[in-house]
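See structure below.
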Amino acid sequence: MKLNILYFARLKDSFGMGSEQLETDAASVDELLTELRQRGDNWSCELAAGKAFRVARNQELVRLDAALGDGDEIAIFPPVTGG
Amino acid sequence: MKLNILYFARLKDSFGMGSEQLETDAASVDELLTELRQRGDNWSCELAAGKAFRVARNQELVRLDAALGDGDEIAIFPPVTGG
Amino acid sequence: MQAFTVRVQQERFDSGVEIDRLSHNPACGAVVSFNGLVRDYGDRQDVAALQLEHYPGMTEKALHTIIEQARQRWQLQAATIIHRVGHLPLGEAIVLVVTASSHRKDAFAAAEFLMDFLKTEAPFWKKEILRDGSAHWVEAKASDQHAIGRWQ
Amino acid sequence: MQAFTVRVQQERFDSGVEIDRLSHNPACGAVVSFNGLVRDYGDRQDVAALQLEHYPGMTEKALHTIIEQARQRWQLQAATIIHRVGHLPLGEAIVLVVTASSHRKDAFAAAEFLMDFLKTEAPFWKKEILRDGSAHWVEAKASDQHAIGRWQ
């Protein structure tokens, strides 16, 4: 299954990338996060369970138990600070 | 004692005047209203006890028991409807 | 710049200019405005214009008093109230309130408070002029009287 | 006229033009606006500018969703949200919300609701650029999260 993953703001800076295509078997957002944390360093730190970040699937905010499908656009970002 | 009395909006139309100078012994707004009501017709009708109107003394809203002094500017007008 | 301003005038005003004027203070992160317009329904459905009368002298005093009351409740860097009088055709602006604060909640609350109190305490009276040329004084609304209840 | 409009842009906007655009509907007696500006204190005291990043596509969707939520709660004839992105020096406007209704309470409540939800649900991120050239991402404020509590 292929996902299009986007990172914004502090996470983009920390990971050194704004987007990536990922081939994965992760069935939910939670499983995807587990996989990303295994990259270690900034990944395990920024995406730690207690850290404040948000996940959107196809441009809508979702909870961590949300299911993933092939071709989904997944965005991971810090709490928003606009306005 | 001399008062400068102003009427606004519906009361001005109804009384046929926007202002008048009045020589009176009325010691309070209440006594002044009693005196004005004695003119009958529109005066007794518009200033009847149950009618909604406001009184300002020297440009500040006052209650009916407010005292009057020589030279006071007394305004009598309907509830305001600006904005 | 005069931070707290009150104007009663026949002429139109420019909301953008008034908002910009209160936006130059770098301590103000939030500027809220309210525009009140002549609507096509008040007491009647066929309003063509309003005639606005006021009590010169007391009006300005009342508006400054209302601003003082707002400043005692909220952190307010600046405020402007402009109220028009005279003949105002349908669609024209009647009143503008602008508030500037460091905090958006304060700017919003103060603007709403100023409007609620202006509607019940500033000596303005509206006469509705209908399409057939007849005219009548607008009656005060109980809802405006109720609106100030929540601030007390 | 598009009654409900959302724009994300680098360019400045003109609050007066946007307010006037929503003031032409003769059913609207009340038009409320909120201007959010770059302040000289956020997390820090020495801010020279902000850099605004957003999530193109999701941003517009989120802003339209927020407007839909407001329309379900209040009688709203029109609304405009403009949010700037990119480099914004101190004192510049960041965001404009304008609401138009027949009722001033609805216009006020909807404008404040739109701002509260925009601050917590629209994917914008601010980076503060300090006078010494250093920069850091602004942390989300608990007060903004609390602000939406009262609408629930």
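Order of writing sets the labels: A, B, C and D. Residues in every chain begin at 1.
One rule holds for everything that comes next: a contact is a pair of C-beta atoms (placed from the backbone, for glycine too) under 8 Å apart; a residue touches a chain by one contact, two chains touch by 3 or more.
Being a predicted model, the structure only gives us computed values, none of them experimental.
Distance from the centre of chain C peaks at A, each centre being the average of the chain's Cα atoms.
Inter-chain spacing, taken between the CA centroids of chain C and chain D, is 23 Å. Averaging Cα coordinates per chain places chain A and chain B 72 Å apart.
Mean C-alpha positions place chain B and chain D at a centre distance of 48 Å.
Counting only residues that touch two or more partner chains, chain A has none. Contacts with at least two other chains are made by residues 36, 115 of chain D. Pairs of chains in mutual contact: A-D, B-C, C-D. By the touch criterion given at the top, residues 6, 8-10, 13, 52, 56, 59-61, 75, 77-83 of chain B touch chain C in their complex.
Looking at the complex, you find that chain D touches chain C at residues 14-17, 19-20, 23-24, 26-41, 90-91, 93, 102, 104-105, 107-108, 111-112, 115, 147.
Taken in their complex, chain D has these residues touching chain A: 36, 52-55, 57-58, 61-62, 83, 94-95, 115, 118-127, 137-141, 145.
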